[in-house]
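These notes concern the structure reproduced below.
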């Protein structure tokens, strides 16, 4: 259900998903090349295009590039609306090669687990101490390895924000500062933000995540008690800005039945 | 190789019987979420193939079905599941509990699968890349090995060339010799076809050679690289074929909901695979209203180009 | 990068003035004997550029002209001459007698030039290959170095990535944002454009964005990779642009016959380059009968494809 | 001018070029992939297609593949008639990769110099002891390195058939048997025939060229005195078969003014 949040300034009702979408949209700057992904980041890309980043270009690992949003909300990146009037349709390498060239500014990812250094696991999970085989990397490892900035979206629980991922599917900062360079990963690459249902984490010089902002109505204590390690908190901790009317209008237009953005 | 006018057109039943024996390494789903050759996969299941190695980037629901049917001993892919719903329960049962049999998983990324096929298509033993450095994929996948660049001091990953025995590639239209036009997102279809020892083209339409020859830049798979051509309308349902039909999203969710448990999968596969002898029977069971809803409502034709002189 | 609606359309004079300074490494003639951007090369000569490094597979007559004009200090190519007549006399004078100046030649093969650009387009430091093993090209070209495969014991050649400062790519049609449709033989045009820091698209026709967007599989160079767009009808004469005009074979022979000696080249280049301020003036001098004879006599349009759903 | 050759059986008039074209056509077997090249080999490819090898496929390094001959004689491989109704038009690598995969059965080359081991030079020549810079490899080195069989066509003179080429642009058998393998070149590759204006040379187990056939009206002495080394002669030396009427008809149709096949 919609967890409406009353804030001083506005009384607009919006969900945590709305908030995450808009936070993700803010990670996209005008003219940037964006590895979009599906679901919330897909919506965030359109919000950015329609508001502050009209020149952003969306890249999809199936071989599609778009400088205009698709005419319909997509369930998969290969749905016909994502191909019609695309800037480019070709093969996977033609898109992945732009990523490997270092031209992709920001890539969005989900994950089953993220750890204190921003490493991601989408290969092995567990339930009641039983291992669960997850679908795997897809393009996640490629995006985390090669895009200039990686932004992760996920639900904020102790099970998902863990001290150390059981399997590094997609490398973040490994064990800390300098690790990526030591592995041979591109200098201009790495985790930039983790947008959760409770706040936004960013990464310090030491390569470790810290809490940069909490969502409206969420307390720091809530965040810390739902994080699987002792999460550092920024001295200048902010409150995640609320979605404005323009952004919300785009979200409602894209997801009228709130299939993606209900809760 | 045959003369240029020889027809390679055969039935799906015959194509699988002749070119996809048990133990084969098979590339399927090269165009990711679109144009997945479900009809071919279902025929492979009906013919009871075993010990297949499945190769593909993100495999979506088809790999899950073939794993559930016990056709598969190994999967080399970047992602195995159900794009609409996430998990693939047959894949999980096989990996976690060896049901119906144990399978080996060789975990790739989309880029490393693409590069493995690109290396084979280029005729070289490997392709260099930066991806997977520092990941556990690099540690656990024997087809990825770290080395130092011969032209500078960088660390790189060598992705070993992968040569499938057969690639099954869904296309929009082809002529009887296998000259194929495909469009939309191509994924790894072109390198996949060139990397493989045999190529089965599954076409929505068989057209006159003149139609294909009118646009050589669209003939991404030339006939002389093709082993067999199968005419299988709606052969990719429930995935989409742009210009022909859309994606049946609900079908993916229904499969997910109905295959949580083993007996549910068996009911589903009996209904949609074992008990339908052909794609035609499958479509009859799907029903015209549902199939009709997926058809093109608004055409969007490409602007012509001129090859005249 | 600019917003999607911004026009990148500028004149050839402006494109060369802004994006091809002296000392640049320039890719020209990516489509081999067809679609050679002669108009761009002639403008580079008129603007008196110096110390250029020319990159291309088989360069045909344009490289010979630019070398003769003294614009070039280095050539990285597989073949330099005149495809119709063999030798390029300016190239020979420069290499054999340092007239008008000494030039460095980095001898490639077609495949190694293609791989050098492919490596840069793929974002890796090199591409592996078997070609040139045992040849003197391997011994003498520092961009080719032998190494052992990291995945087996084979000997291979590493072709070092080549990143031109600017690629000048002739296309049939583009929109004002640089989204370009090209067809026919593509040579190294696509990798060349992706490998280069800047891309100048030279188009026979500027069309509405809707025309380009109607066929994303034909948009081999998307606009966001393009720096500038030049509308230059007949900009590739005397080479051919399929769908627009044929090759003026006689023009290549005339150039060959008239440039055996230095003074002959100077007369030729004064007449066809120095004294014609623009492509329009060049075409006027060429004359309508001759230009008309090259135009398309019989159109051959591609069959449309449907992107509808 | 046409050097008519009277032979016992037929009295058909044909030129040395006609003879070379037909000899080249015989090197193409049905269903083979052929790196065609221009001029005489181009005509030879069409002769083979129209006579004994209808299933042959022609590959061109500019990115074109054809299973039907072009509608007009080509001056360059990128001329519009070679693109219209081609089996494939794409980029250079898409064709060269088939070559590197070892799928190309035979490739045709010209050369300024060929030596006793079939090495080719198209980079440096000389006249009156002055070095002459030639155009270079183009795709010749690639074809000589990677195609299963390489067939060379050239004029038979002491200046062009030399003991040792001054520059190995395109590797033949190097210094003899085993050299190619030692260099790392594909096992199934190397020079197969040298078709000259006087005869046809083939290569022995030792990797050295020998005279396999002389053209009608040419004596072994003529051949030896015009070869820059002591050329071995086959014990079963043959006379190069004359072009038959069918082949000549194709040649005349393709080159009605005998631009390529006059002399």
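All chains are identified by letter, namely A, B, C and D, in their written order; residue positions are counted from 1 within each chain.
The rule is simple: a contact is a pair of C-beta atoms (placed from the backbone, for glycine too) under 8 Å apart; a residue touches a chain by one contact, two chains touch by 3 or more.
Keep in mind that what you see is a predicted model, and the values were worked out from it rather than measured.
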Just to be sure I understand: going only through chains that touch, what's the smallest number of steps from subunit A to subunit D? 2
Spelling it out: a chain qualifies if it touches subunit A and also touches subunit B; which chains qualify? C
Sort the other chains by how far their Cα centres are from that of subunit B and give me the top one. D
Between chain pairs C-D and B-D, which one is joined by a greater number of C-beta pairs in contact? C-D
For the pair subunit C and subunit D, the C-alpha centroid-to-centroid distance in angstrom is 29
So how far apart, in whole Å, are subunit A and subunit C when each is placed at the average of its C-alpha atoms? 41
Provide the C-alpha centroid distance between subunit B and subunit C, rounded to the nearest whole angstrom. 37
In subunit C, the residues touching two or more other chains are 123-124, 129-130, 154, 156, 183-184, 186, 214, 217, 240, 242, 246, 300, 307-309
In subunit D, what residues contact two or more other chains? 64, 80, 83-85, 89-90, 93, 99-100, 146
In contact (per the touch rule at the top): chain pairs: A-B, A-C, B-C, B-D, C-D
Would you tell me which residues of subunit C are touching subunit B in their complex? 123-130, 145, 147, 149-152, 154, 156, 158, 160-161, 172, 181, 183-184, 186, 211, 214-215, 217-218, 240, 242-244, 246, 296-309
Subunit A-facing residues of subunit B, complex: 31-34, 57-58, 77-81, 83-84, 86-88, 91-92, 95-96, 105, 107-112, 114-115, 118, 129-137, 154-156, 183-191, 239-240, 242, 246-247, 249, 300
Hey, which residues of subunit B end up touching subunit D in the complex? 1-4, 121-124, 179, 194, 213-214, 216-217, 219-220, 222-224, 307-309
Residues of subunit A that touch subunit B when the two form their complex: 60-64, 75-80, 82-85, 89-93, 96, 99-100, 123, 130-142, 145-146, 167-171, 174, 179-180, 183-186
Touching subunit B in the complex, subunit D uses residues 30-33, 54-55, 57, 64-65, 67-68, 80-81, 83-90, 93, 97-102, 146
